[in-house]
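So, here's a batch of structures to check.
Each of the next two complexes has subunit A plus one more chain, namely subunit B in the first and subunit C in the second.
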Partner chain A sequence: MSTGVEETPDVEREAELEELLGDRVLARETHLNAPGVVVNPGDVQDVLFTLRDEAGYDHCSCVTAQQYEDRYETIYHLKKFADPTDEVSVVVPTPLDAPVSQSAEPVYRTADWHEREAYDLVGIQYDDHPDLRRILLPETWQGHPLSGDYDQDKPQVVTLSEHANPLLPDHRDSEGDTMFLNVGPHHPATHGVLHVKTVLDGETVVDAEPDIGYLHRCEEQMCQQGTYRHQIMPYPDRWDYVSSGLLNEWAYARAIEDLADVEVPEYAQVIRTMGAELCRIASHMLALGTFALDVYGEFTATFMYTFRDREIIQDILEDLTGQRMMFNYFRVGGVAWDLPEPREEFFAQTRDFLDELPAKVDEYNDLITTNEIFQLRCVDTGVLEPDVAKQYGCTGPVARGSGVDYDLRRDDPYGYYPELEWDVVTEGGCDNYSRVLVRMQEVEESAKIVEQCLDILESWPEDERDIQANVPRTLKPDADTEVYRAVEAAKGELGIYMRSDGTDKPARFKIRSPCFSNLQALGEMTEGEYIPDLVASLGSLDIVLGEVDR
Partner chain B sequence: MSNDDPRQSIEGSTAPSTATQDARMGAGVDDRFNSKLREAFGASPFILTKFDEFMNWVRGNSMFMLQFGIACCSIEMIHTYAIKHDIDRYGAGVPRASPRQADVMIVPGTIVSKFGPRMKRVYDQMPEPKFVVGMGSCTISGGPFQEGYNVVKGAEEIIPVDIHVPGCPPRPEALIYGVLKLQERIQNGESSPVVVKPYELERFGDLERDELVQKLADEIDEDDLVMRYNWADSP
Partner chain C sequence: MTAAATFFPLQNGETVLLPERLADLTGLGEFGVAGELLAAFIAAFIVANIMLAMTGVAGPWAKRKITASFTDRIAVNHLGPGGILIIVADSVRLLSKENIIPENADRPAYDLAPIVIAGSALLGFAVIPMGSGIHLADPEVGLAFVFAVAGIASIGLVMAGYASGNKYSMLGGLRAVAQNIAYEIPLVVTGMSVVLFAGSLQMGTIVEAQAEPLVTIAGVTIPSWFALVNPFAFVLFLIANFAEVGRNPFDMPEAPAELIAGYQTEYSSVYFVLVYLGEFLHIFLGGAIIATIFLGGPAGPGPAELGIVWFIIKIWGVFFLTQWLRSAIPRVRIDHLIEIGWKGLLVLAFANLFLTAAIVGVIA
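Right after this comes the complex of A and B.
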């Protein structure tokens, strides 16, 4: 278990935990971000209930599973929606020969999928889990790829039969209206390779169960094979690949900078902030365009307009980073290079875009949000109540569209955000319409941020433009240091858990993807609604399968 | 007859060319071809070609793409369809949602084990003749994820590919270039090269009875279609 970290989280909180949990705590750990308590596999629910109901840890942000030489371990990263800096990690070790622990699903709904993933990739079993099946890999897969003794060269057999109709014959009589419908994995409305198993009663959705894993590209394994310094950074671009590259890179950058104790120069932080917000605009534009496509089915106006604007942003980002989508621009301790020369041109180009943006936003409002047909489709459909959203660990525009005021840029500040003037957007409608509104307004807020960054960059003294801290060529953080750090990506809280083992590669690299948690709520949002609303809800969740499956 | 001879004499005609013209414009039907076709078309010009070549030309200039998004590359693919790059300029801009209406499949992204059989299925559903453009390094070799336990090392392990567009992701311009190259090939009547395809959809009952198959025998029905991945043999 990890100890020996200089940054001790505040003593008061530890004492509180001690009092609350008493002798259920077997041992203490210190993670860089939070105190950790080690508990018995049999006490999981008990401890988590206490923490949730009495201490207010209502957000189960992530569940990490990993295997050590001598044991398996599950870590529940808990937070508070009201204050995400107040964190605690619940560590549950299980023996190698019997990796069974209690499921957290009754406490946090979101643990359902997270534990299935842990079972799938690492091989830990959860008692009491409602449905412990593989989630990312095919049902017939042999072995657990992130466990110790997995042999990657063994052959595997994958079936095509998962799309068989699971309805029992007694539900299939000729009079009944029950019908099973496979949406995807190749379907225009699923935004990639997602499969939704839908049971319909007439036109009403009785049950919608997303089936994921069609784009599981072993991102965690790839990162575990790469060195901290340079080899990991290209991968984040490919998690949420809708031009949100810089936002994702920041998640890794933030985690490694905490782990290796690197201080980033302020100038670099301003550039990062600007780049990240440009990415957010591009990403929300795509969400908007494809949502209009899903809801109207029109390929001509809104969709093309949003792509017109994305092209402009991609040009700007290309000037800045050298690539249109896969930027690989952040470095540990800063960014790769300064703004492109001539700087004036870059500033002028970016400002032009920002100047034109308000008129464009008006245009979108005319086309979409004030359109009656659009409103009919979206208002009061796909309702996600705030409590449900929290239970499912929803974050980002999805949570903010349900009135959950949670934005890590403000609540767990990083980068240059605290220095700037901007607002967190929330809407209380909890429906598809609110989520669209949130994204549209966030575009405007991001534009504000970019504008301020431009002002700051323009007036920055020429001889103080430090773009990178001094970081050693090989990074070898102390052995057994653990950290979980999250940033506000385009889709919500994107977190990275890393454990170092003293080498230049992470021993465990776990990605907490916002889309993964958001998508889990789909069933809840669509049950009892019409099938077209399922498509609209899916669109308004704005998932990216690269990030869901990783 | 040497090549220096005037053209008229090569043709074996003594009449000046204007005479032919006059004949065509004036005194009724030109009988140079002395054919039924000429009679039918009268004075309008026409070209003779082989039906196959004509079809290839048509095919090349009007391709229906399959609307098929897999991973990151599909975003650049959408940009290629959308405003600015607008691949419709080349007669290839109408993505069809159903494979049964499509001639060309752009494979834009990483193929993983769970998706392999589905992609094969989608490909099989397309009517002949069909063409495939592999977009991005992932469809060439698995790209950045080549070492992944779950990643198919290139689209050619499953379906034949006509054109590979390298890049991660390729720029829209590169994809357009690839599509134009494909048009060229189609117009010249060149179809997919035959390649090694290690992974095929098979009936589970037809698989060789090795250790793995024995183990799965209770789980999988004899008649189910499966794909068997031999990771050790792929590059």
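Right after this comes the complex of A and C.
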């Protein structure tokens, strides 16, 4: 991927970084996506503050932690919301015997959960972190599963800390007028196994703290045990498992194609783009339906209507990929097979859906967005200011609903998107209503993209339909090559960090889940609002616990 | 017979109540007070069974079918024609389940709540004239009585809420109180405007007052149902009624997406059936009150014997409306709900009452 055109700004950027950080840079590294600077564990906040405030790296996309033979390492993947191709990786090595590093939480709020995860799974300690507890595993867990000395045969005795008093110390006496309420992990509105520790004052939410990890399935570990070529691709379908499969697969495809330097044929890119956007429509339909369910009550026509329409997409995707949900359709360097024969039938079927879509969107607008009670419920509730959204690393429709004009399909182009006509949708309302509007308009934009892809595919010469690049049977990228690549999934920026060690399996596979970062903002969005707003805000974040917990 | 058919007032002014008629028919009247008591008991049994049968149809079957037709689905269709036998299957299922009582439940209250909820609704039907001579009692304070006993349900909801020993139930119970207080007053005040028209609280008299012809257009006589005489009051009453019985968009005490069915959360098996029955009975009681004081009670085209049919059609119409709203309208938030009640409906209800009083005064 690195061409002469890209190198000039890289050199400039590195010079800039050098000037900015001076001798705080211990060493330099080169990741495929960005220059890396190695800094002292004690300089983390200082360096990050400089990078954020003076160089404009306002987006802490991901925090990766890993263990080498001789050291632990934390990598902060920084980007700019204005230009996500302008990246820098801040690498913080810590010694094996004292893995303590300064926390980045004061600089980027989003680092809070990311560092907790690093502590939980790898075992690095973060000084100055406000609340360094385990996040995915139970608090009683022994050992850190992704660290070198973890004994996975050792039985874990997981007990519930039954008598932990969740009330704030100043609310424990009988005078206290707040009530602690566990929302979830089994609650109809948590969209899966999410547990929100809620403190209520009457019906007002004083504090809401999401407790995650109930659906942790060691996805990163499983990917680390699979070979690049074929064994990893089925897993992404299972992260955001509500019909965003192809979008997730693209995240891995993009990362591995950069790592192994694979050029994907254009024809395959068009198919990928079309499939991915169909997935986005399906995913947004589901988001819309479940949000309506949260706001409307036990049962609503909107929910069934969205599922009816999603079902049509599911049929189209089944024809394309052979599967309804767990597609496993992308391959390294292309897609598994060409469009289904007879092609005309597939085109007609998909076009029929697209032709009917505007009428359906109108119907949704009639049913939902123009409803006054709905507006009463959603306008100015769950407010997420743009600055706060950026601090929490929110991406996708959540960020765009807060007016953050950030879409990787346009800002960090991949696939066939740059060749197509479409717009990035943003709404400035920052509330639940804006997020719904963004999703509904994105459905229409996606439909535009699919339509153009269909035109292109239809007129593609028959003898030039290359669906896969020529990729070796076994992929062994050079040792110590590192890459962090993200795509715009249904819920936002889905990134993957991979480090190769010269074998056919990644040495570290880290998933940056958009839902994980988005969910972190829940507390901020709901404090001071009512329980129904908490439910609505949670619905408007559109989280999938499979992706949050991985 | 044309549509211009005359509307028969209930039993032509001479009210013969069901217990009396039964006493006459069976000869029980000859056994004095004991006989009359027995006749009254049988009559009550008949009325209760009509209502329970309707609830039985509505709960497991009609509700599913109606919702399904709103949402492009089929719903139950395997057992019996149109799936109607699901009623039997569901009854067996619900009754054969284990009755799980939470450890923290406050026993007598927890056990009483379902009975209070279901019983209060059933009591209300005692004074409702259902047509075809099915009318248990017609006290002079009929309307006041029906509001009073329907209001008892709130106590049941609070009992269920706090006695369940569950925070969600507690919140649901609290919401139920706040909501019932906020909506009972507009409900009663709007009901009073009808009393001004009819000049009586007696259900029989209210129904009779609506039998008068309002206008005659092209040979079609339109009766002076209060819904036509005062549509404003009718709409107010409908809204307040939905809030009172806790249906969408005012289903705050249950709010499954927020409170996981609120005060019902901890009820299972027979207790759940009772709570559920109570809810449906309340919808039907609301429908019955609306039918009686706004829609001419059992009046309708055809012979007076068809009264019960028209009455059932009317209350099912109201039930249908609740299911329509359930499928189509978002739930309002608790603070909005209270605001709508106190700042909106209450003011409008009083405005309606004073206007009606003024108009009735001028005409009289």
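In this text, the second predicted complex is superposed on the first by the 525 of 550 C-alpha atoms of A that agree within 3 Å, B and C clash if a C-alpha of one lies under 4 Å from a C-alpha of the other, contacts with A are read in each partner's own complex, and residues count from 1 in each chain.
Assume a contact is a pair of C-beta atoms (placed from the backbone, for glycine too) under 8 Å apart; a residue touches a chain by one contact, two chains touch by 3 or more.
It should be emphasised that the depicted structure is a prediction, and the values quoted were computed from it without experimental measurement.
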For A:Gly36 in the superposed arrangement: first (subunit B), second (subunit C), both or neither?
neither
**Prompt:** Just subunit B (first), just subunit C (second), both, or neither: which does A:Tyr214 touch?
**Reply:** first
Touch check for A:Pro99: first (subunit B), second (subunit C), both, or neither? neither
Practice item. Look at A:Pro188 in the shared chain and tell me whether it touches subunit B only, subunit C only, both, or neither; answer first, second, both or neither. Key: both
| Which partner does A:Arg310 contact after superposing on A: first (subunit B), second (subunit C), both, neither? | first
Exercise for the section: Check whether A:Leu376 is in contact with subunit B, with subunit C, with both or with neither, and answer first, second, both or neither. Expected result: second
Report task. May I ask you to decide whether A:Gly226 touches subunit B, subunit C, both, or neither, giving the answer as first, second, both or neither? Result -> neither
- Counting only touches as set out at the top, which of subunit B and subunit C does A:Val295 meet: first, second, both, neither? second
The answer to whether subunit B or subunit C touches more of subunit A is B
Contacts of subunit A common to subunit B and subunit C in the A-superposed view 187-188, 303-304, 308
The residues of subunit C that touch subunit A in their complex are 67, 70-73, 167-168, 171, 248-249, 251, 254-260, 326-336
Given the complex, residues on subunit B that touch subunit A span 67-72, 74-76, 78-79, 82-84, 97, 99, 109-110, 112-119, 121-122, 144-145, 147-151, 168-169, 171, 201, 204, 207, 210, 212-213, 215-216, 219-221, 224-232
So, in the complex, the side of subunit A touching subunit B is made of residues 137-142, 145, 150, 152-161, 185-188, 191-193, 213-219, 221-222, 225, 234-235, 237-238, 241-243, 286, 303-304, 307-308, 310-311, 314, 324-326, 545-546
Per the touch rule, the subunit A residues reaching subunit C in their complex are 179, 181, 187-189, 203, 292-301, 303-305, 308, 367, 371, 373-374, 376-377, 530-533, 535
